[in-house]
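Below is the structure I would like to discuss, written out as structure tokens.
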Amino acid sequence: MITKTKLTVRYAETDQMAIVHHSNYPIWYEAGRTDFIKSMGMTYTEIEEQGVMFPLLELQCKYIKAARYEDVVIIETTLTKLTMVKAEFSYKVYRESDGVLLNTGSTVHGMVSKELRPMNMKKEKPEIYQMMEKALYKED
Amino acid sequence: MITKTKLTVRYAETDQMAIVHHSNYPIWYEAGRTDFIKSMGMTYTEIEEQGVMFPLLELQCKYIKAARYEDVVIIETTLTKLTMVKAEFSYKVYRESDGVLLNTGSTVHGMVSKELRPMNMKKEKPEIYQMMEKALYKED
Amino acid sequence: MITKTKLTVRYAETDQMAIVHHSNYPIWYEAGRTDFIKSMGMTYTEIEEQGVMFPLLELQCKYIKAARYEDVVIIETTLTKLTMVKAEFSYKVYRESDGVLLNTGSTVHGMVSKELRPMNMKKEKPEIYQMMEKALYKED
Amino acid sequence: MITKTKLTVRYAETDQMAIVHHSNYPIWYEAGRTDFIKSMGMTYTEIEEQGVMFPLLELQCKYIKAARYEDVVIIETTLTKLTMVKAEFSYKVYRESDGVLLNTGSTVHGMVSKELRPMNMKKEKPEIYQMMEKALYKED
């Protein structure tokens, strides 16, 4: 499963180099993740309502080409790893007009309760875990 | 002329009150303005390429109802005033699902050169001025 | 009572005009408000722990001169109005190096419970109300 | 050479998990880098005035403990690698009150001209290169 999220670069996202400031890519990844999770069959809002949160443990970004104001960008999101206590999502950001790859990245998330206590997702929330397992990206 | 811009609320836009942080509305207005200007017939990128910039002089926001993560919001944008040296845009932000009005606001912009020198738009860039004059909102 | 908060402009706060993006001023006001409330005798964290929150109802900003990356700015904060259900704070932002006034603004806040229910502060939280009343700016 | 930068967590930096949103750490690293570069003997503003910019090529973050609103955090910054065309900075973020390590990270930067053309710093800007070489962190 791969989802595509389309965004238009906001003026506020640029910096004085006249390119998108690097801190915006994790926010775009998150927009991609929101769509990906929704496509799994449950919104992240609903997951949080069940008392589960996915805070970040790790973040990696590679900046390949600069995005600019008014560029339309596509964020491709996949779930690349899943254990009982962690999930990793991966991202590719393209410029829509010419398909150029701008950025790649990944995020590792813990699964925790509202009090930030680590959870064993497979045991404590099996229906969420199984939904994620189905969405896991498998190269054959 | 009224344009409508659709956005999905990002997790990063929330704060610990679990609502959209108030500083995001001016950024949404700007996304609305980007679409409005494009609908006038020239992108804001092209206006800047002609050496003209529209920095803010004034900002006003009224917060009516809170927006929340994953809400789809509609920003309605209009050009409400135009002089030779200033322009005022006005905004209404609705929640798409039920049409509830969340926020209203306005921004006043100066027209300046790349060196931030005030310009008389009507004289120095008449084609941009006339394009804006046509887009000016007129209640009959 | 007037408090002064000192900040150094971050690169991420600039935009492609090479000035501070206008959406950062409300965030700076908030940093000023944090210090002001702390100076009243209770942190805003402690106020929230008592079940009270101050979401924005209105925001006004005037942009006078641009702030730039690495500028040190001073935010002067005062409490300018107080009713049983609302409070207004006002702000002046100066550049430290030469004392030039860059920006002025104000924010109106409702007083609400964690569920965003409006509260009558004077009746429901008299100790917070009285603390704020003492901090109210009075021109003689 | 190690520099320490002190910041107070802003309300706008929190999200609905009631912790600092992960996208703020790269911005804090940047504040640390600003101080580090200044301590080398030249501000980053002056480096840009010489026509040199340091856009990001790579970003890595590890999130260990959550930072919260009003926490005072210390960002420790070091220059950990330097080649003729790239520089790597590393960061540790501590909570000041109890010294707990919250986050570690690193950023790799290219050295480019204003037109984003890669530069050989050692040849084209030897005085900046040598200044950085002196600041390079060396474990003996």
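Think of it as A, B, C and D in the order they're written, each chain with its own count starting at 1.
The rule is simple: contacts are C-beta pairs under 8 Å (C-beta built on N, C-alpha and C of every residue); 3 or more make two chains touch, one makes a residue touch a chain.
Not measured: the values here are computed from a predicted model.
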Which of these, A-C, B-C or C-D, makes the same contacts as A-D in over half of the contact pairs?
B-C
If you tally the C-beta contacts for A-B and for B-C, which one comes out higher?
B-C
Indicate the whole-number Å distance between the mean C-alpha point of chain B and the mean C-alpha point of chain D.
33
Using CA atom averages as chain centres, what separation in Å is found between chain A and chain B?
28
Centroid of chain B to centroid of chain C, CA atoms only: how many Å?
24
Please set out, as single numbers or ranges, the residues of chain C touching at least two other chains.
11-12, 16-17, 19, 23, 26-27, 30, 69
Name, in rising order, each residue of chain C that touches chain B in their complex.
16-17, 19, 22-24, 26-27, 30, 48, 53, 55-63, 66, 116
Show which residues of chain A lie in contact with chain B when the two form their complex.
8, 10-12, 26-27, 30-31, 34, 43-45, 68-70
Chain B residues touching chain D in their complex are 11-12, 14-19, 21, 23, 69
